[in-house]
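Have a look at these structures, which come just after this line.
Look for subunit A in each of the two complexes below; its partner is subunit B in the first and subunit C in the second.
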Partner chain A sequence: MTAIPLGVPRRLVEFTLDGQEARVPEGATILDACRAAGKDIPTLCQGDTLTPKNACRVCVVEVEGARTLAPACSRKAEAGMEVRTDTERARHSRKVVLELLASSVNLSTTPRAAEWIKEYEAKPDRFGPDAARVDEEPRVDNDLYVRDYDKCILCYKCVDACGDQWQNTFAISVVGRGFDARIAVEHDAPLTDSACVYCGNCVEVCPTGALSFKSEFDMRAAGTWNEAEQTETTTVCAYCGVGCNLTLHVQDNEIVKVTSPHDNPVTHGNLCIKGRFGYQHVQNRD
Partner chain B sequence: MDLHFGDSKPTDEEREAVDALLGPPGSAWETAFGDAAVRSDADLRWARGGRAARERRDLLLPGLHAVNDRVGWISEGALDYLCRRLTVPPAEAYGVATFYSMFSVKPRPATVLHVCTDVACAAKGSAELCAGVEGRLGPGSGVSVERSPCLGLCERAPAALVVRAGAASGPDAAAGGGSGAAVGGGSGAAVGAGHGSVAEKPYATAVIAPATPEAAVLAASAPEAAEPEPAASLAVPQAGQPGLTLLRRIGVVDPASLDDYRSHGGYTALRRAFELGPAGVIREVTDAGLVGRGGAAFPTGVKWKATASQPDHPHHLVCNADESEPGTFKDRVLMEGDPYSLIEAMTIAGYAVGAHKGYLYLRGEYPRALQLLGNAIEQARARGLLGDDVLGQGYAFDIEIRRGAGAYICGEETALFNSIEGYRGEPRSKPPFPVEKGLFGKPTAENNVETLVNVLPILTMGAEAYAAIGTEKSTGPKLFCVSGSVERPGIYELPFGATLGELLGLAGKPENLRAVLLGGAAGGFVRADEMDIPLTFEGTRAAGTTLGSGVVLAIDDTVPLPRILLRIAEFFRDESCGQCVPCRVGTVRQEEALHRIAERTGAAAAGDIALLREVGRAMRDASICGLGQTAWNAVESAIDRLGAYE
Partner chain C sequence: MKKRDRTPKTYTRLTHPLVRDARDEPFRRATWDEALARAADGFRRTREAHGPDAFAMLSCARATNEMNYVAQKFTRVVMGTNNVDSCNRTCHAPSVAGLSAAFGSGGGTSSYEEVEHTDLVVMWGSNARFAHPIFFQHVLKGIRNGARMYAVDPRRTSTAEWAESWLGLNVGTDIPLAHAVGREIIHAGLHNKAFIERATTGFDEYAELVEPWTLSLAEKVTGVPAAAIRDLAHAYATAERAQLCWTLGITEHHNGTDNVRALINLSLLTGHVGRYGSGVQPLRGQNNVQGGGDMGAIPNRLPGFQDILDAAHRVKFERAWGAAIQPRYGMTLTDMFEAMEHGELRAVYCIGENPAQSEADSEQAIRRLAALDHLVVQDIFLTKTAEMADVVLPATAAWAETDGTTTNSERRVQRVRAALTPPGEAREDIDIICEVAARLGHDWKFADSEAVWNELRALSPDHFGMTYDRLEEHQGLQWPCPDLEVLPSSFLHGRLWESDPALRGPAAPFGLVAHDPPVDLTDESFPIRLTTGRRLDSYNTGVQSGGYASPLRRGEYIELCPEDAERYGVVVGEEVRVSSRRGVVVAPVWVDPALRPGLAFMTMHFPDEVDTNQLTIEANCPIAGTAEFKASAIRIEKLPVAAVRS
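The block that comes next holds the complex of A and B.
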């Protein structure tokens, strides 16, 4: 018995990927094909359960005959397409995009960023010491999670997760324009005055650590955060009958944060405030 | 959707502004929320809004305009009230309100003086104008001075635009007609109801160009009493000359009179269209070889055919009148000088692609065009040239004007759809293309003003005669916006294939010409010795440049080139929507590098020029839309063709 319904079989699209024949189901993206073929393309705004906004442009590839590069995460594979993932042109754009990002925001908590910067020989410092940065102070206005937009790459994932793709609360949006664009709630108020319901689904999808659990934020500030020492245990939330899957991240015998598996066919990584943040009673030892 | 609202309340004025657009609220829940005294029993059982209101999300931008027009800025209470009425989440509406430069979410004076500081105006002393205006106004003047990108008045540079929120004083204020003091047309209430009627506006505007500090300050203190703008035909040095096609009625007809338009050949093209049938019209347009005049040069017939053949319905027609390319003002002159021609052309286009609704997206900085088009639509409707049964042919078509609010990016076709739909004006990624999924997710043909107006001569003279004008690959007449250091700036009509030298000859080329910016900020520079370049799509391409939107901005050797390049870079940095990294950050890095080398040349500039090239290449390759992809063109051409920093 399979847990996931298979649906109607889809037609296969045949195209060329780096000179090799590739076959993917209709509707699959170039990125899907790359991953199936074991190619590692950097991605930031792409998320496994959200429709990517293709805004970060680190996944660009060359499509034969196209004037510009294409975002692998969003461009669907088409029959007969000739795609090259590792050309000088594609690598150049990825390098510059990484430089532009790293020179304007803090990527220190973005998984794999350092590795890609090295691989593409990006030199974010070459824009000089006066290069404009986002330069924002972390916003700590509630006890559950912290918004540190100095780390935000404007990937739109949190907006989509809070909006019509996951949570349907629509508490946050991109505001302003150009380099001044930011994620904010209405009237740029504190989170506590907004429509936020503290489900933490935005934190779940944030690829940079711009949104983080207050627990994690505080431990990082204190220098006690140690991912290597953490264990992860997936269990079932006991609060209500929905029965969402929770992944407890435990360090030194304390729960330090709660995430949720995205491949769960019912919840896809979504939780509510209780499952996400209501874990203190578990470790209440008095 | 479970919306959350804060407790800020609208003022009576703000509420009235919104209600004038949307009609009175159906329930006290929507009005005096929190005020139990006016809630009725029925209200307590009333869950209003829901889908009906949500489907009018596209009224968000008109709603923001309504408040901004009346009050001058958009307060928390006003925004929340508008959101409540439309069932739009306040965070999203805040994101939309902060996207447009003509709106403010912070208190500001009711009078805003927009002073153009863009390329053509910069060359004609906009810096002195700004300084003079600010010196005279001083603090507490009740006027907010804002530096503006191109106002589309480049032939009369330097230019300024006054917008005063709030009811215009005096009974004459609404009767400005085509004059500069006109109270803009196309009332908000009418937009909501789907009519573009010319009701009295709650705001006043005045256009001052060419502007002196004295005239600008005077107009800001009393926009209703400002000198009337010169007639649009004064922007057409060829006006009245024989042999013109697109400009032939400008300066000849009264732009306010439908009868006059008809007596000058108006509506013969539409009659011919009905004789040919939709497929016949598309065939004519295809055979005529018409390609889009907005810069992309895509074949119009192909676009129309693709839209017309989509099984999904309804089909939409969108006229892109968001002319914001610095140096471009031809659409404004067409709309102000011959507004009915656009209405007729849109009707034909709608008929061809099977649309019953046409959206005319007009840039927010064009008050006179708004007033004249609003009048033209109303007259056409009254005479059965728009409406349920156009010309008694059983074809229903109507046009709605949507006002932009200061965002160059909304000229990008998909950003324009988002803007109309009430979202941030961010471009969508393509595919899917608009002909398949455009406005409201439906098949849409989008054309700019000049392209549409070309359809009239195609139908009246026939495809063959039209195609005989110009060259084999670039057919028909072309409009050029000539500004900068020439004797007679303005709009010129020439058949495709005339050379740059011929055009500048007409406009009065200066002795000391240094360079020409072709195609606007997104185009490129050519040298003064390249006057043989043929003005065709293929000819400019062969010369390694572009025709773009038809901008020809002449720069003489008194104008400091690095300053112009900086202004171009600043323009793109300001106008980037911010969605994608190469453009959002790349435009900033480009401007920074240009600042560093503004005073440097040779080896001292080499490092930064190499950096500019690398960033520019990634912007061109990896940006989502044309803005980021072209933001480096002009600077690159100045370095390569003009030797800007040698």
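The block that comes next holds the complex of A and C.
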């Protein structure tokens, strides 16, 4: 009886990906297959620790015989499927998505956004300069993290991470509908008046920098943020016996932010307030 | 509400060794050479004058496995005593003692992942949502997957809010409650007869022991409605898989080990142990409490949790280390403090611990530390304990400036890595200990932490399969991991289910433990039961967590239920005098509906502001040495208006 039940063995699914034979375990998405095959597809709302919400549609691919384009991040690979990732239609769709997003949202701190805009020849400025959706100042209401909804693409990742997928605190929700929809805490209050427990798990998943660590925000404002100069070292949190893994981002011998490895069996990318923010004591050096 | 400065004291890193010639002199900066020589000289003098047992090592449950290994080796080989212990004594020693008595091994039996795939979770004496938040995420996954949770806790905590049922028992009545659950399971015929027959001993005596604990008697003693006890008993016994988790609400009592045994009995009764998804899980409070003990930084075990009384184990270590090992147990932390009182313990090497603030009845602890001939403190801050030392040695932060490993609550050994350059002249713990050892005639050559780890691996079968490379590759491995190829099982004691008696190994005995109410009784002069615990954003004596600005932090309060606050005529923020039979503190009031009449709550996170441990009692568990932090009797008095600080 010492054996660990492994569940039903997973079968392999065979299909074609851009004309090539592809085999992935049952349940894998088209995106998983693409990444395994080394194909680069842009993604924004996809999160490796979250259930796909397919909100942004920047990852679309063409599935032979289907009327509409399919979001690669959530569509499961099926046997015999023929998938094309780089067709004219898919590229055009991505271009429009990027144009719409970049015209209404500040993507300046979204990793790879500039690169994709260039690759897909997106022209955000064709909607004119007034398309900005929120147009408000970043909200700095506590010492730990900053909310800058000008950068929010409404991907719902933070809502899911704070809600039933991980943290179960439900401090973050969506208020308003349609064009007025926006991310907020109850009554759109300051964070300090909300149910927030400052785990920073929303910051961990936010793809655009709309949610960011105050340390990073301040350094960017001061022009001292320099990712090229930073090292990332994964170690173990010293605040309790759970043993969460912390990735310390260090610049000039200072921890500038703490993230958590997503594929780790203890943490799955999540931390609590102490692990995420409680590092300052080691660098109170004089 | 009166405004007051609620910012905790922030500590600045130690950057140079400090020494002084007399305790009433201030520290002066010293070179490493001088400081190390003084540290070593004091130890040598003590040993020469009073023998090896006049020395004790307080090893650190927040430092790496490697440092703990070297610290216990220093104690045993250089000083020739087994007097090595750490703060596990103040928290989970009863879990280790109880688990080893039942199963021969002191680790929790399950892994976190199993909690996601179980059918029932019992959280007993644990506010995991605050104290072990990421473990609780695994519990929440389990709940989302359909598991039911029962919370047993005097307070209706944020953990209890997720429970199907909250059993709000009176502080210190865990054994009656567990016994009533056990009796109900037996009377309903829900005990796992085949498992009991095959894998346990002492069932008949156990059945007899719990027989008086009817549901109605238990209701009277514990305060939990009979129906709720019955419900828990049936749910636990009929679940296909069940996890029983506990923390300090169980262990920090004068009979903590008995409490642990009472819970383990339930797992033996139902067969909820040794299977995937079924197990018992103590949640550890410090990052390396598990590892510190595994590394032998406890007075009764050699590295790899090997019993010192076993001659074969001793011989193995004596050969490897080229030194004789005392064939008897050393002193626990608790014994050490008593031995200080009697002048038997004269020199202490304290690494990363802060007993001057973390011990129950802290004034007494300080008095005892002050009576030592020689106190060496190795830490990253000048803590309250370090302020009392003769020599202070600046160390590196174990989790961010040191390479090594730690072992978490699911027995997973994980790599800790240096990311920062330490300040000033601070040096790594292992390096410092080896330097002191060298000055006492023991030249150890460890090239790095991996070399220490490999020495340990060679001596501890449970760790042999965990090379640094494998730890890296698998993001940590759980012990026991005796093999270099095979991956370890996620849970312990599957052997109990083997049909072949040879493979099954020793049976697990039921623990025949009796109810023993808290030592510090409530009466007319001290009518309120004070229990202690943790808040989400702060940690222990606040030395580390005081370093960051938490929006959740509001300093120390005495928390009362709304009814009591009204009865005493006090409002939120109003300062009151809180007295126990040992001490008096002044603290502002907070009102928390999670409490019940007669129950108050405080933490020890802000000792510079409100020294809660002046109130707690040093009534120790005779087996594990843990003090009864969870059950003091107190009185609350309104302050005369003039005394209210402005």
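Assume the second predicted complex is superposed on the first by the 275 of 286 C-alpha atoms of A that agree within 3 Å, B and C clash if a C-alpha of one lies under 4 Å from a C-alpha of the other, contacts with A are read in each partner's own complex, and residues count from 1 in each chain.
Keep in mind that, in the parts below, a residue touches a chain if its C-beta (ideal position, glycine included) is under 8 Å from a C-beta of that chain, and two chains touch if they have at least 3 such contacts.
What you see is a predicted model, and the numbers here were worked out from it, not measured in a lab.
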item: Partner chain in contact with A:V60 - subunit B first, subunit C second, else both or neither; value: first
item: Touching partner for A:V242 - first (subunit B), second (subunit C), both, neither; value: second
item: First, second, both or neither for A:F15, with subunit B first and subunit C second; value: neither
item: First, second, both or neither for A:W225, with subunit B first and subunit C second; value: neither
item: First, second, both or neither for A:N168, with subunit B first and subunit C second; value: both
item: Contacts of A:Y120 with subunit B and subunit C, given as first, second, both or neither; value: neither
item: Touched partner set for A:Y149, first subunit B, second subunit C, both or neither; value: neither
item: Contact residues common to both interfaces of subunit A (with subunit B and with subunit C); value: 168
item: In the complex, subunit A residues that touch subunit C; value: 1-5, 142-144, 164, 166-168, 191-192, 196-199, 231, 233-246, 248, 250, 253-255, 261, 263-268, 270-275, 277-286
item: In the complex with subunit A, residue positions of subunit B that touch it; value: 1-4, 6, 76, 79-80, 89-95, 98-99, 101, 105, 407, 424, 429, 431, 573-582, 584-589, 592-593, 596, 611, 614-615, 617-618, 620-624, 629
item: Residue ranges of subunit C touching subunit A (in the complex, touch as defined); value: 10-13, 15, 62, 112-113, 131-135, 137, 140, 144, 162, 274-276, 283-290, 380-381, 397-401, 406-410, 412, 414-421, 423-424, 475-476, 489-491, 494-495, 497-498, 536-537, 539, 543-552
item: Subunit A - residues contacting subunit B, complex; value: 53-58, 60, 68-69, 71, 74, 76, 89, 92-93, 95-97, 100-101, 103-104, 126-128, 130-132, 153-154, 156, 163, 168-181, 184-189, 193-195
